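A, B and C are the chain letters, set down in written order, and residue numbers restart from 1 in every chain.
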Amino acid sequence: MVRNIIKKAYATLVYAFLYLPIFFLILYSFNDSKYSGKWNGFTFKWYKVLFEDKSIISAVYNTFAVAILAACIATIIGTITAISIYKMSPRMKNIFMNVTYLPVMNPDIVIGISLLALFGMMRCKLGFMTLLLAHVTFNIPYVILSVLPKLYQLNPFLEEAALDLGATPLQAFSKVILPEIMPGVITGFLLAFTLSLDDFMVSFFTTGSGVSTLSIKVYSMTKLGVSPKINALSTILFIGVLILFILLQKREENTN
Amino acid sequence: MKKTWLSIPYAIWALLFSIAPIIIITVYSFCKRSTYGGMIYEFTVDHYKQLLEPIYINVFWRSLSLAAISTIICLIIAYPMAMIIAKSEAKRKNMLVMLFVIPLWTNFLLRTYAWMIILREQGIINNILIGLGIIDEPIKFLYNSGAVVLGMIYNFIPFMVLPIYSVLSKMDESLIEAAKDLGATSTQVFLKVTLPLSLPGVISGLIMVFMPAVSTFIISDLLGGGQTILLGNLIQNQFSVARNWQFGSAISIIMMVFILISMMISGKYKSEEGGGLW
Amino acid sequence: MKKIALLLVVCMMVVSLSACGKGEVNEQGYYNQINVYNWGDYMAPGVIEDFEKEYGIKVNYEEYPTNEDMQAKIKQGGTEYDVIFPSEYMIEAMKKEGLLQELDYNNLPNFKNIDDNLKDFTYDQKNKYSIPYLYGTMGILYNKKKVKEPVDSWNILWNEKYKGQIIMLDSPRDTIGITLKKLGYSLNTKDIKELEEAQKELIKQKPLVKAYLVDEYRNIMIAGEAAMSLVWSGEAIRIANENEDLAYAIPNEGTNLWFDGMAIPTTSKHKREAELFINYMMRPDVAKKTAETIGYATANKEAVKLLPEEMRNNKGLYPDGDILNEGEVFNDLGEFTTEYDRVWTEIKSY
C-alpha cells in the first residue's frame, strides 16, 4: 500500500516536471504582450495572427510529413538492420555499431553542414527529398539502439523452435520475433518521430525550394524575438495530440 | 542461420549519408582557411595543433563532465520511472509512454523559454517562495551550470526512460518467479535478475543521452546565459560567426574519437557481446 | 488501421513531391516565380502578397536565422535564391567570394528614394552589389529606476555599482566592437594589441555581467531584472514601448552603424525578376509598411516622410546627422575573424 503511494507520488512528480514548462508555454499564448517579460492581460489575438499566416500552415504540414515519413522509413530499415546486427560475428557487429554511433555523436551542425556539402557535390537540388534523406539518416541509429536491447533479451532458441515446428523464416519473424521485440520497435519509432519533429540544424541545411519546417521558422524569428503566435500554434497542436490519444486510449480500454 | 544480407540496405545508406559526410569533414579538418573562410585544399595539421591549447582542453573537460553529470542524474530519475511504467496495467502502459514523449513534440526553443519564465528572478518559483516568506531576495536559478544540467535532463530524459522501459516490459517473468521460488528477496531479485537483464536498455539510454548532451549548444546559451563555452558552442561558433569550418571539423573529429575511447574504457565488459566501440 | 496509416503516408509523399510548381513565363513577360530568402519575420505581412498580385510572380519565401547560415547554403549550391538580405559585413564577404551579382540600376529607378547619407560605404562602394534595407545603431538600453546617472559612455557597462545587473550580447563582433570603441579604437581593428586590450577589459567586466544573451535580453529588461543591456536601436525602441522605465542612449565615444541590405546571389537564375522585387521593396509605401511593422529604421527617405510622427522624430531610431557620421560600419575582417573568435572563446572560458 505504502509502496503504491510512493510510486504514484514519484510518477506524478516526474510528469509534473515534464509538463510544467508546457503549462507556461500555453499560458503565455494568451499574453497580450509580444514579450514574456511581463503579463499584459488575457487575449486571443495571437490565435488570430496565427491563422492569418499562411506560411506557418505549410510549415506545419511539411514538419509532420517529414517526421512521419522519416520515422516510418527509419523504423523499417532500423529494425531489419538491428536483427542482422544481432546475428553478426562480433567483429562485424563492432564495425556496424560504431558506424551507428556516428550520427548520434556528431553535433547537429556538423551533420547539417556535411550533408549540405555532400548534396552540393552530388549536384542535388535541395528540397523535400534531401530533407527526408537527412532525417532518415539521423533517425536510423535511434531505432537500432532501441531494438537491439530487446533482441539481446530474446530467448535464442525461440526462432529455432518456430522453424523446427515448420514455420517459414518470414513467419518465424512476424509471428514470433516481432511481437517479442515490439516494445523496442515502438520506442524506436517514437524517438525517431520526436527527433524529426523538433530538428532545426540538420533541416535548415538540407532543405530548399521553398520547403520550410516549423523549427526553421521558429529559429529564424530569434532576430526579432519569437512571436507568441508560435505559442498559440504549439497550444493547438499539443491539445490536439492530447485529445487524439485520450480518444484512442478510451477505445482501447473499451475493446479490452 | 545467417541474415547478414539484411544489413546491406543500411550499409549502403550509412556509407552514403553517414560515412561520406564524415570523410568530407575529415578532409575539411586538414585544409587551410582562405581569407573569407573558404577551403584551400592544402594539407595542414594546424587546426589539430590549435586544439592542444589549454583553453580548448578546458572546454573539452567541462563539456564532458557536464554531460556525464546530466546522464547519471537522468539514469537515476529514469530507471524507477521506467519500472513503474513497465509494471503498470497493460492498458495504461501505452498512455504513460506517450505522455513521456508528447512534451517533446512542442518546439525545443519554446520549451526552453518556458523554463526561463519559471526560473527567472521574477519568475513563478521565486514569486511563490517570496510570497510564502521563505526567502527575501530572489534566488538566481538561471545562468549557471545548474540550469544547464537541468535543461539537459529535461530534454534528454525520455531518451533514457523509453529504452529502459522497453527492456523491462515483456521481460521473461519466469526468471523472476524462479528466483523468488528459490527464496530470493525482492532486492536480490532486482540486483541479480532484473538489473542485469535490463542492462542493454540502460546502455542504449546512456548512449542516447550522453552523446547528444556533449554537443548541445542552445541549452548552454540560453539557460547558462552564455557564461561558459561548451564543445557544442565551440563547434557551432566555428561553423557560424568564426567561419572557420576547418577548425570546427577538427574539433568534432577529435570529439568523436574522444567519446568512442571514453566509452570503450567505461564499457569494456560489453566487448564479449560485441556492442561496438572497436 | 494499418492500411489507413499507409494510405496517409503515400498521400503525403505524393502531395509533397508535387508541391513545387513548374516555372514558366507569365503574361507580363516575367518568369512566374522567384525565391526570396530573408530573416524570420523581417518583412511586413501583405507585402509579398501584393507583389504577387501586381506582377503575377509567385514568391517562394524561406527564412534564415543568421548571416553565416545563409551564406553557407548559398556557397554550397543546390539552391536558387533570387533575393537575400545580408548584413553589411556579410555583403562584403560574399562580394569578395564572388557570391553576389552586380546590380543593374536601369532596373532599379526607385534607388533615388534611398537617403544619400546611407549610400556608398566601404563594405560596398557605390552600392554595386547591394541596397540598404533597414539600418540602425547600437547603444545602451537602461532602466531609469536603477540607473540615476546620465548614460553617455560605454564605461557605465564597467561600473561596479551595477554588478550582476549588466547584460551583454552573445555576439563577439558586437560586444568586442563596443569595447574597442570604449578604448578609442576602431571596431574593425586588425591590430592584435588593441584586440587583446579589449579582451582584458571584457575579462575584467565578466564578474559584473549577468549573462551574455542572444534574444532573452528583451524579456529580462522588460521584467526589470537588469539595470542595462547592450542593444540594437530598433530593438531598444520596441522594448522600451513595453516598459516606460526603459530608455535608450548612444554613448559619446561613437558606436556601430549597421545595415541589412538586399542583394542578388550568383545562384539566382532570374535576375530581372529579382531586381523587380528589390525595386518594389524600395517603393515609399512598401518601405513605410516595412519600417512601421518591423520597427527598425528604413534607409528610404521618402518612406520616412510617410511614417507616423512619433516614429519619425525618435532620435534613437533616426539619429541626427552627427551620430551617423560618428557611427562606424563593420567591415569583414577576413582572416582576422578567427582571432576575434579565439579572443571570444578565451573571454567566455575565463
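To be clear about the criterion, a residue touches a chain if its C-beta (ideal position, glycine included) is under 8 Å from a C-beta of that chain, and two chains touch if they have at least 3 such contacts.
No experiment lies behind these values; they were computed from the predicted model shown.
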*asked:* Of the chain pairs A-B and B-C, which one is connected by the greater count of C-beta contacts?
replied: A-B
_Chain of greatest Cα-centre distance to subunit B_ = C
*Distance between the centres, which are taken as Cα means, of subunit C and subunit B, whole angstrom*: 34
*Taking each chain's centre as its mean C-alpha position, how far apart are subunit A and subunit B in Å?*
15
*Sites on subunit B at which at least two other chains make contact*: 113, 116, 239-240
_Two or more partner chains touched - positions in subunit C_ = 69, 72, 214, 219-220, 223
*Would you please write down the residue numbers of subunit A that are in contact with two or more other chains?*
36, 113, 117, 218-219, 222, 226
_Using the touch definition from the top, list the residues of subunit A that touch subunit C in their complex._
33-38, 52-53, 55, 62, 65, 68-69, 72, 113, 116-117, 119-120, 123-130, 204-205, 207-212, 216-227
*Going by the contact rule at the top, pick out the subunit B residues touching subunit C in the complex.*
33, 35-38, 55-56, 58-59, 62, 113, 116, 120-122, 140, 142-143, 221-222, 225-229, 233-234, 237-244, 247
*Along subunit B, where are the residues that touch subunit A in the complex?*
1-7, 9-11, 13-14, 17-22, 24-25, 77, 80-81, 84-85, 91, 94-111, 113-118, 124, 154, 157-159, 162-163, 165-167, 169-172, 197, 200-201, 203-204, 207-208, 211-212, 214-215, 217, 231-232, 235-236, 239-240, 245, 248-249, 252, 255-256, 259-260, 271-278
_If we count contacts the way the header does, which residues on subunit C are in touch with subunit A in the complex?_
8-9, 12-13, 15-17, 19-20, 35, 39-42, 45, 60-65, 69, 72-73, 76-80, 214-215, 218-223, 235, 239, 242-243, 294
*For the subunit A and subunit B complex, residues of the former touching the latter*: 7, 10-11, 14-15, 17-22, 24-25, 28, 36, 77-78, 80-81, 83-85, 87-94, 96-111, 113-115, 117-118, 121, 133-134, 136-137, 140, 142, 145-146, 148-150, 152-153, 155, 159, 163, 169, 180, 182-184, 186-187, 190-191, 194, 197-198, 200, 214-215, 218-219, 222, 226, 230-231, 234, 237-238, 241-242, 245, 249, 252-253, 256
